[in-house]
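Reading through the structure tokens given below for one structure.
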Amino acid sequence: MFVFGIPLVGSAILALVGHRESAPDVNVAFSLGTFIAACVLTVEVISFGPLFAWDRAFFIDPLNVFIVTLTAFVALSTALFSRPYMRVERDQGKMTPPRLRLYHSMYQLFSFTMLLALTTNNMGILWVAMEAATLTTVLLVSVYRTAASLEAAWKYFILCGVGIAQALFGTVLLYMAAEKVVGSEGAALLWTNLDAIKAQLDPTIITLAFAFLFIGYGTKVGLVPLHNWLPDAHAEGPTPVSAVLSGLLLNVALYAILRCKVLTDGALASPLTGNLMMGFGLLSVVVAAFFLSRQKDVKRMFAYSSIEHMGLVTFAFGMGGPIANFAGLLHMTVHSLVKSAIFFTVGHASQKAGTQVMNEIRGLIKVNPTVGWGLMLGSIAILGMPPFGVFASEFLILITAMREHSWATPFLLLSLGVAFASVLSRVLPMVFGETSVKRLPHPPALIPVFVHLGIALLLGLYIPPYLSTWYREAARMIGG
Amino acid sequence: MSGLASQLINLFAAVLLLLAFAMISQRRVVSLIHLYTLQGATLTAATLVVGYATHQPHLYLSAALTLLLKVLLIPWLLHRVIDRLSVRWDVETLINIPTTMLIGILLVILAFHLALPVSQLSSTIARGTLGIALACMLLSFMMMITRSKAVPQVLGFLSMENGLFFAATAATYGMPMVVELGIALDVLVGILILGVFMFQIREQFDSLDIEHLEKLKED
Amino acid sequence: MMNALFDPAQWTHLDCVLAVVLVWLVIGLAGVCAARRDDVAPKYLFPAGSLFGIVLFGIALHAIFAPAEAAVLPIGLPQLPFHLRLDGLSAFFLMVIGGAAAGVSAFAAGYFRKIEGETAPGLLCLQYHVFLASMAMVVLADDAYAFMVMWETMALSSFFLVTADHRREENRRAGYLYLLIAHIGAIGILLCFGVLQAGSGDYSFSGIRSQEHTPFWASLAFLLALFGFGAKAGLLPLHVWLPEAHPAAPSPVSALMSGVMLKTAIYGFLRISFDLLHVQLWWWGLLLLGIGLATALFGIVYSAVQVDMKRLLAYSSIENIGLIFTAIGLCVLFSSFGMMPMATLALTAALYHVVSHAFFKSLLFVGTGAVLHATSERNLGKLGGLIRYMPWVAWVCLIGVLASAGLPPLSGFVSEWLLLQSFLFTPELPSSFLNMLIPVAAALVVLVAALAGYTMVKFFGIVFLGQPREAKLSHTHDAGAWERIGMMWLACGCVFLGLLPAQFIQVIDPVTRQLTGAGLGDQVAGNGWLLVPVAATRASYGPVIFLAGVAASVALAFLVVRKFYHGRLRRAPPWDCGFPWQLPRMQDTAEGFGQPIRQIFEPLFRMERQLPTPFDAQPRYKVIIEDHFWHWLYLPVARVVERMASLIGLLQQGRISVYLLYSFITVIAVLVWVTQ
Amino acid sequence: MNMLAVVSQFLEIVVALALAPLLTGWVNQWRAWLQNKSAPGLLQPYWTLHKLFNKDSVVAVHASSLFRVAPYIVFGCMTLACAIIPTLSTDLPLATAADAIALVGLFALARVFISLAAMDVGTAFGSLGSRREMLIGFLAEPALLMVLFTAALISHSTSLTLIVETLGQRDLAIFPSLAFAGVAFTMVSLAENARVPVDNPATHLELTMIHEALILEYSGRHLALVEWAASLKLFAYSCIGLALFVPWGVAEARAPMALLLALPALVFKLAIGGVLLAVLETISAKMRIFRVPEFLCTAFLLAVIAMLVHILLGA
């Protein structure tokens, strides 16, 4: 289980040396290691099927292994991106060595908690990991120690803490329901066991449990109206953190919800979970779209776009069925790729302009064409323009919605249109036009951006067969 | 025997609920912390009883944990914080106390109503207590909403945690050990971070009034 | 299979077309790779692209008469790989794309030599060829997903081309408006497909074809298609992007957008309403007729009052699209009453106009491009007298102008002639109400055609004739070799389409057979140079003889005059009415030329005039003409969205207690909801 | 197409070229008489043309070749127009090449060229004239076409020869649609041929002139061609009018005798028409240029009404 061993060690080491000049490279190195381990793991799972570790405390199946790989990958590229970014921050005096040390060790610790949450088989540990993830990211968000970042971190902590508390209560209830069936020992919280006996779980308790779990983890997914921490945290933290928040944390939280959904669906006959998820998903999409149309701060805007897309994914999983689940997983993938890519470019852009206010960022394409085009293409992609992958998943989601829940289609399309208009009208003047800002001391690392966009593009035009089988497997597991 | 135990547990549950109400109605920060300590103590006791009644050794451990954390460590930390920051008063609440109480009662009713079907199914000796735990949770949630200073908010958060613990203990004889440990760790780290935050907030806004924390919004 | 792939002898038409598309993409990539050297793209790549345009033209022309071919590419969604199909309809539009692209690319080779705006020629080359390729793929696509992907790729690439010179704010605005409306239209199309598949979940066109729709769902699909494709084609009231985007783009791109891209919208509309839908209701036809006529009239009237030459042409494109939709509407009307021969006639008119508009409008746009290059002036008020300095461009443009004015014996006239012929059939419709309505429609069509003449005279007269209104114009240079070649190709297109309608209708014949089951080919074939769409006793038109007649009498007159009289000629200054201090600036202006139109059609405009008073120190006359639809449709929508946004903004006022309250209420609500 | 067809076609063109100036002269003479002026001789137009052909043509220094080509093209268009309108016979080879719509297109072609030529010199008058000419044009053309459509609907054909044949064979029934069409047509032809009340060929008053403003820069042979073309246009319009509304006496195919009879009939009809035109011009007053659109819109509406009436009453 190198997968989360590496980052754990990494965080420990970086906690010591994180302030050195070489720290970013060490950071990258550890992320790389994690990624390689994840790839190995993936290969194993693809070849030998689901596997357990440490007497079934850990458990890998197609569903989580694909998120594991994604997480490791995005973590790696973000680490790559943060090398020059943090150097610039340090030169600009925003980051002092102790803060850098904190940042790096927390970064690794964060990816550790992510992977732990993903791979654990124990719903309790899942909760612990999520809470730990919250704590680490709180530190990451507040790393600048500015008034704004403190406020953001405070809100983030309180809101998510409360939310997570709900989730804990849900877990308790789940445990309570489970132990009636399997008796009270630790095994009663192992997801695999629960999955095996989910049909016998008591409906009323499970219903309550899911309600709490959904609200709890839904807070971390950023579903409206539990989303209020999200834009602040994204806007005020360092950009790499915004990238991982959008790209990873939300995914993992959603993953937790999915695990619970599987159990609950097994226990209940009613489409309760589906309806809940569809309702909140739709609400998030619509509200976020309108929020998008009034943003001034670039990172804040893309944070809202994350809310919108998470809502879309939640809606997709809520609809269920092979196509919708497939689409949801696909959308998770492309969203975290594209969104993190966008945050990379945005990071450079705002570093150049020295502000995150969109009206003061102009003519990127002139200063640094790659950043400009990266942001342009990224936004185009995130807005669901073909030939990028986002369109593929949105297409699938929409056609499923048209077939099964046609009442929802107008809302979805309306909000997609509004979102399109809003984001495009902000991004165009930022990318195009004239400007007077100069280049940065450290050349930005833009390979990640274009790698991400490239993959998204590929997924839009051609989904390799093993990938699609893998998605299908996962979709089936979610209960397609 | 178990009858006695369950009565005891119900008693503790009632006490917990009482304390929750008390916390809502309490204005002074110091006494809030005292109440929180009491809550912790009650929780410990309840855990012990349950553990004794059901012969679940690991509950003793968890009771010990609770004692360590919620009766000794955290209150001590909080006391240090408020001494350092010299915030002994939380003058005004956002909603005045009587209204809060009324809403609180409604919440309790709701919680019982929700928990009733569940607790009927529950086979444990502490059947009625789930509703109380839920009620405690909701009450402290409401307390977080109504308080406008940082420390009381944190206290609300913590007592929420207590409610959860009680639920875990009463309804399921506690979570698996590893989970308990994890949760405890999280709570500890959380409270440490919060402490640090309060100092930072203080030095940023030279007050712990979270009305200062309203800059980030949709304008 | 593999060896078939490597042996061109075994290639089907579809393979060839795909090969051309690939080559275009490769050329584009080559442009980026060679971005360092600004002369590679113009010198080699664009000519190559133009060459393959001709190739595509040839293949498509051949494929029209061949049986339909289908293929499935291994790319796309797992559930829905790219289906491709090359049938008569798509081949026809491929021909249009290839033909126009050939000329325009050749012109572009000369045009993109200097860097236009900010985007380097290499990158432009990529965007340009991706644009071409995506248009070709749109007409090939045979399932919803492939269609949507290509459709949006087309919009995206053209959007980047429109914003090529993004330093100007209005260009960015134009690009934004364009992409936005294009995207909203695409949403409409997507919905339309959703309705068409009728819950079967099969999004390949063959699957959609096999569905049966009730009139209600069919009508819904039809309306959605009308909305979606109308947004792209520039139908009222979704036309607003067109006059903004066309001027903003580099001229070859405007030529492609106006000449070809709008036609892909026509293609999509025909594909859905004739191929995928099996029923046709008479009121659809009426609706199309109404919208088409409104668009045509609106377009030409606005075109007549423009002072920017590219805007003028853009509005004239709106007019032509309107005419095409009028013809389609007539066709739908006829076919809904089962009068297939007449439907075929109308459809032929529509398709004929598609091709001729593709040629003459591309020609005119590249003409403006040449002028823009030479003078860097788009404002009619600052041009004039260019026929003396750039005679090539002037005379070639004259052909385009005559064609676009719908004058015999050029291409524009043929399609209008066919359209009017089909109008003359309407009295045979079974519904008297329609019979009463149609003559008015016919009258409007004629009015539009006549106004087109007015507009084109204004365009040509003010740009090329008269005296140069600016001093700098007197040392402008004529177009370069590549530009001339491109323009000549397009001009030849106009002339041939004008002179050989009978022959060209043979090309349209398979398409109409596919769509309406009938064709004019056999009918027309017998009469040699004469075009006899229905019967010799009904109507006939022989452009060649016509031209011969005019030419003969011109020549005769010339010879006779020279023979019996003399050819003496004296040059003298023109008569100055006894006022010798005349300046070129005193010539009639574009505004002046449009003034009668402004007066007659006043209600159609939203004008704000600024008239000088006798006491002004510097008297100035200003008139701003705006589009009503901005104030009727677009601004209100924008306001509504803003209102919603500001309302929603109240949700987030930064107070953490309120946020907690949200969560709290949510918890309670969900709990209450789940427990019952 | 047989010999006779060729002969009649040839004959028509010759007759048109020959008679057109005469018709102009005839109208002018009558107008003068009606206005108690001493009239110019009947053959005056011929002398004018002869004189103009003999003069040098003076061309503006910066006039382009378009300016010099235009008169020939206009002349050619008008000749063709006269060739396809069945005046003497309905058995015309050329008529198959251009039907009623093409005829209107032909007029439009001529108009566009003359207007462009007028703009070419770039004097104030030229562009003013061309603007007014196009203004009249775009209002008159639809009206004319509507008139022709009415006839076409009656005879189920847009080919002029067939229209004339169908109309000619009918007995003296009154077509109400044709009545409307007739009025509309008269108004249109007044406007198209620069006649009072729309334009006054006799004056060179800047504010009012249209046709004269167009050709102001022309002189010598070019002017001669333009003038000749103008009279050809008048001739053509009169012939259309006659063909539509008094189609009797036009020779059917393969009837040599009728062909011989057709000429005097045509001359007679033209003479009457000319007199009527003169009377019309005398009794009506020149209107302001801004009134012209209203005038023509009326014509346009009348023509449309004519079509509607035809569809309504089937006549």
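Couple of notes before you dig in:
Going by the order they are written in, the chains are A, B, C and D; count residues from 1 in each one.
Methods note: a contact is a pair of C-beta atoms (placed from the backbone, for glycine too) under 8 Å apart; a residue touches a chain by one contact, two chains touch by 3 or more.
What you are looking at is a predicted structure, and each value in this text was computed from that prediction instead of being measured.
In this structure, the chain pairs B-C and C-D differ in their number of contacting C-beta pairs, and the larger number is found at C-D. We define each chain's centre as the mean of its Cα atoms; on that basis subunit B and subunit D are separated by 102 Å. Look at where the CA atoms of subunit B average out and do the same for subunit C: the two points lie 70 Å apart.
Per-chain Cα centroids separate subunit C from subunit D by 36 Å.
Between subunit A and subunit B, the centres computed from C-alpha atoms are 31 Å apart.
Within subunit A, the positions touching two or more other chains are listed as 154-155, 158, 162, 204, 208, 231, 291, 294. Residue positions 649, 651-652, 656, 660, 667, 671, 675 of subunit C are each in touch with at least two other chains.
Contact of a single residue of subunit B with at least two other chains is seen at positions 114, 117, 141, 144, 153, 210, 213-216, 218. Which chains touch which is summed up as A-B, A-C, B-C, C-D. On the subunit B side of its complex with subunit C, the touching residues are 94, 110, 113-114, 117, 138, 141-142, 144-148, 153, 210-211, 213-219.
The touching residues of subunit A, counted against subunit B in their complex, run 122, 124-125, 127-128, 131-132, 135, 138-139, 142, 145, 147-148, 150-155, 157-158, 161-162, 165, 168-169, 171-173, 175-176, 179-180, 184-186, 188-189, 202, 204-205, 208, 231-232, 235-236, 291, 294. Residue ranges on subunit B touching subunit A, taken from their complex, read 114, 117-118, 121-123, 134, 137, 141, 144, 150, 153, 157, 160-161, 164, 167-168, 171-173, 175-179, 182-183, 185-186, 189-190, 193-194, 197, 200-201, 204-205, 210, 212-216, 218. Taken in their complex, subunit C has these residues touching subunit D: 384-385, 387-388, 391, 398, 402, 405-408, 413, 416-417, 420-421, 424, 427, 432, 435-436, 439-440, 442-443, 446-447, 449-451, 453-454, 456-458, 460-462, 465-467, 530, 536-543, 545-546, 549-554, 557-558, 561, 564-566, 568-577, 582, 584, 586-588, 592-593, 596, 599-600. On subunit A, the positions that touch subunit C within their shared complex are 154-155, 158-159, 162-163, 166, 204, 207-208, 210-212, 214-215, 219, 225-226, 228-229, 231, 272, 276, 287, 290-291, 293-294, 323, 365-366, 380, 383, 385-387, 391-392, 395-396, 398-399, 402-403, 409, 413, 416-418, 420-421, 424-425, 428-429, 432-434, 460-463, 465, 468, 472.
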